[in-house]
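Multiple structures follow.
Note that subunit A is present in both complexes that follow, paired respectively with subunit B and with subunit C.
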Partner chain A sequence: MDSEAYSTELSRQHKAFSPSRVWAIAGNTFTQLVRMKVFYFLLIFSALIIGANLLFLSFTFEQELKILKDVSFGAMSLFASIFAIVGTALLIPKDMEDRTLYTILTKPVPRFEYLLGKLMGILLLIGVSILLMSLLFFTVLYIRQHGILAEKIASLPRHASETDIESFRESIFSRGLQPELLLGVIAVFLKAAVAAGVALFVSTFASSTLFTIIVSLVVYFIGHAQSLALDYYFTQGELHSAGQRFLAGLVGVVFPNFQLFNVTDGLTAGEVIPASLMARLVGLTAFYLTIYSLVSWMVFAKKEL
Partner chain B sequence: MLMASVLLASAGLLRLPFERDMELEFKEQGFRDWSPGLSTRDQLTQAAFVGALGGFRSLVASVYHLKAHNSFVKKEWGDVERYRAVTASLQPKFWSYWDMAVWDMAWNAYGHYRGEAEEYGNDFRGWHAESIIMPRYLEKGITFAKRGLEWLPEDYRLMKVIADIYDQKMGNPEKAAEWYLKASQKPQAPSHVYRAYAHQLTLCAGREEQAYRVTEDLYRNSGNVTLTLLRDMERLEEDMARRAAHDRSYDQLKDAAFAEASGYLEMAAFAMHLLEIRKDVPAAISVYTKVADNRRAPSFYRRKLAFLMAEDPQKAAEAYTILKDLAVSYPGALRREDMARLAELESRLGIPE
Partner chain C sequence: MADSSTPAVQIEGLTKVFRLPLRKEKVVAIDNLSLQVGAGEVYGLIGPNGSGKSTTMKVLLGLISPNAGRASIFGLDSGDTASRGSVGFLPENPYFYKYLTGSETLAFYGKLCGLSRKEIRSRSDELLEMVDLTGARNRRLGGYSKGMLQRIGLAQALVGDPRLVVLDEPTAGVDPSGSRKIRDLVLELKRRGITVILSSHLLEQVQEVCDEVGIIFNGRLVREGKLNDLVAIEDQTEIVLQNATPQLLDGIAGLVEREDCAQLLSCGHPRTTLERLFLQEINEESKTGGQDT
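On to the complex of A and B.
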């Protein structure tokens, strides 16, 4: 086979989009991030939830379990968002600094696959981190709710009936480890995924890692407040000028709505989120990630490296 | 970059109505129960405000709950009130925050100032604590509970806590009965809330008939005759019998007692007349015996009969038997002071302890 035929054969075999190439980049990105010793954060997380578990024993069990859930979800959300923004902001500059980017892109790897692989890698890292945090959180919550029940049973008079104990068990466990908490964990992941999408887009045109982090944090913050702005300017539309409403609308169009992903506040207070709403939240995240991947590619494809 | 911006804007326009729908659905499900108003901004620190806005509202509420607890330990009631207000407004659908706010105001702060009032007695500080501050904290407690009810209208516990304040702190059985009744009508309310309503009703002047209807219904149909219920029933029937005994003539009462369709209540009124107006104890004993024999008559009539009989040396042994039987069968029918009377009867009869 002459060289021209070999080249034709190669290009015939080369697929325009290959999930295995994306997966290889994702795996590599994950390893790269793990080597940065990011999982040490788990020590801080453990200290936080164990501290929350031990320090607030003088409250009612309802409040005690709520504080434990609040601290755990709060820390989980914070860590996941930091990973999403900082981790993603580091990826492209680090690859450029290490020259890995050039090694990859000189091979027949489309830039879109590279970006997608990077995004998948960071999502994998966030997913694993959240999984580990959830396991810790659920274990501590499980132990605590059984501890509370044992304390309650010990404090009951001797003639307390099985019905009394059962009623206590039901009351404590309904505020403890419940399947609905998993939906909260998923929502934390979804929010972090969107934040990672934003950071990926910003990093494609950013001049430095710091710029990416700052801009992404600003977007993250505005994203939490944009629904309030829309609510304020549009529900009482007649009170505000057209210019104000246009600006509020513009903010709503440009910035992602992170407030939608805040379901843990309601869950810890005992609200129940319907599965259909959760499914729509997953769909919305997929939409955000698709759009951010596309716009990132549009900018990155034209970028001079 | 231009194409990317156009795509971003188009996607934004596409998702806005979808997100709006989701927001509305979240609101319906109770997930959007907080909006940061100016008053909240004033009460929260800047960091807490940003945290609450940035998706850590529940955590910020927990932090303020801890701050409130800390202020409670230091007895800084103004701060307790402020922090409790913030905590409850951050998560208004979490019942416990309202309950803690009520508890801190109407029990803890109130109790603290009651101690101050007792300490300073009649001087100005004592008067100020008792007449100005203490009632104000009770009102604050009630206000918190009512604000909580705006968010949790089906929660019996906040209604019950208002009733508890009227009952235990304000001594207002009318209002207490009103709130216990409201609470008892809520789906999760346990049966003791309705019993508390019945008890408060028995304390309301001028509502004796209504109180008796409710109490008797509980006595006969609830299957759970508590000591309070038994005492309320006894007090109400005694009052009814006494009123009749004083208001009606001997003949009227006798005719009513021995009429064919009469019940034990008419008989009890006649017995009361014999005892308190005519002072005819043997005749009263004879009629009370008939009352006690009525199967519908509560056990306290046997107690009354036994102690009347105990005064008569010839009937003392029989009275002792009735009382011993009551002590075994219906221990609730006897009171603490009855034990001393029983012991005295035993010594009179020469029965070893």
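On to the complex of A and C.
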């Protein structure tokens, strides 16, 4: 009993920031989403990519593999972004509405840690779901590229040489499971992470799930078109005044350029993604998440609960 | 760490005004309220609905900030997260993550309090036993009844081994035997030297557990003091007799009549309260029948 009293005495030393508290909130968020049975969506995802595959079997193998990759990346990006927005919107406003937040914030938990924990939990969920989706995607791709090769070999005349087969294998596999696809997977994750940041910020002042989802989706869609709008605006007017630049910067911060993250289109078309672009995406994601966390905190720190 | 002379809770000139969005109207929830709770005391905050009890507690716990005045816990300002290091809070109508089981819930809050894995295990075993939820520990909270939620809420408030426990209507929605258990628990906390602030509409219970009460009305503290001083009727004395014959009663009445200054106000069988009767019945039932959960 004495030793226990001593240890709780120790644990009472308040730490201004504690990774274990953030981790407890993140883990709780993740568990909560998993128990809401979100991973059932994997069934839909598999049905989608296998269905798309069956539908386009009669095409040339180049087309078939490209469609498989396009559909898979498209579905991955869609699911990940939906999870990011809906998951955040579902949990934070609900904590406020149900007043579960009272029980958390009356423990020695700074409000910033709560936000950070929620964000980490959502990122964890996005990460795990993208991982599972990529595994499914890569498995189907692997099976198809071997299937196509087998069909080719079967259709070749008997006297076909080893070099012919080898060149077929080369051309099929180069359009199949290649390590570059991982860059696409990373880009999908980064994009969803930024979407989660947007939803986090909106939910701190919205305190309603529906409102958060709608506003975040609007930002998400505008974000896809913002570079077009900015280009148009700035090439029309010649003036590059400080005011204009400030405005452009503001638009850039409020509406992240989501279009920039869509590297998978080029990827499936066989383009090479330069390392510099990936580095830029990582940097942008870190920038947006930092900005959104900070402004979320500024709103949330003063919030009357 | 604050020494024992620092009051557990100090509230000075607290005022909280809610502005209703998009309207000019204002609601003065707390109006220049001051109170102090010494370490180890049990303080009862009573008052009609909407008088500002919950709001006072929320300000004390840093959930909302006051318009004027200040509140502190063991000398630390309520705005400071560190002040929550030694507090346990049970909100009114508590609601928890319904996807978690009873023991997962306690583990979660234990982690937030910075407890180690080992501490969490021993602490939750002890607390689940204390609030009678050992049998339901592996069930999800979505399936808990209102009274069970209230009890897991109580366990959650105690998980960090707090020195101050704030309970907002801890017995709301709990059946009489459960609320009797909560009363015993508060007495047990008091025995261990833990400071308790509670609000309740069950005045009988407040009277049983509290050392000190504050009566709050329209956001103002209208009466405050030691319970014994507040409720004792100094000029009356109660005598309870068993198996008294009518002759004895007549004799006593005669004796009183002969005195000039004293008066016999009432004579008859003391009544048990409905609550006591209910409890007695339930207790007998549970002794003959199975256990209650």
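Odds and ends about this structure:
By definition in this document, the second predicted complex is superposed on the first by the 272 of 305 C-alpha atoms of A that agree within 3 Å, B and C clash if a C-alpha of one lies under 4 Å from a C-alpha of the other, contacts with A are read in each partner's own complex, and residues count from 1 in each chain.
We adopt the following convention: a residue touches a chain if its C-beta (ideal position, glycine included) is under 8 Å from a C-beta of that chain, and two chains touch if they have at least 3 such contacts.
Predicted, not measured: the structure shown is a model, and the values here were computed from it.
With both structures placed on the common chain, the touch criterion links A:151 to neither subunit B nor subunit C. In the superposition on chain A, A:105 makes contact with subunit C only, while subunit B stays out of contact range.
In the superposed model, A:20 lies in contact with subunit C only, and not with subunit B. Within the superposed three-chain model, A:36 lies in touch with subunit C and out of touch with subunit B [touch as defined at top].
Of the two partner chains placed around the shared chain by superposition, subunit B is the only one that A:205 touches, whereas subunit C remains out of contact.
When the two complexes are superposed, the chain touching more residues of subunit A, out of subunit B and subunit C, is B. In the superposition on chain A, A:166 makes contact with neither subunit B nor subunit C. Taken together, the two structures place residues 302 of subunit A in contact with subunit B in one case and with subunit C in the other. Residues of subunit B touching subunit A in their complex: 1, 3-4, 7-9, 11-13, 15-16, 18-20, 22-23, 25-26, 29-31, 33-36, 50, 53-59, 61-62, 65-66, 69, 91, 93-94, 96, 100.
Of all the residues in subunit A, the ones that touch subunit C in their complex are 4, 7-8, 11-16, 18, 20-21, 24-25, 28, 31-32, 35-36, 98-100, 102-110, 302, 304-305. Remark: subunit C residues 58, 61-65, 81-82, 84-87, 89, 91, 93-97, 99-100, 104, 108-109, 111-116, 119, 122, 153, 156, 160-161 touch subunit A in the complex. Partner subunit B is touched in their complex by these residues of subunit A: 56, 58-60, 62-63, 66-67, 69-71, 73-74, 77-78, 191, 205, 220-221, 224-225, 227-228, 230-231, 252-254, 257-266, 268-274, 277, 280-281, 284, 287-288, 291, 294-295, 298-299, 302.
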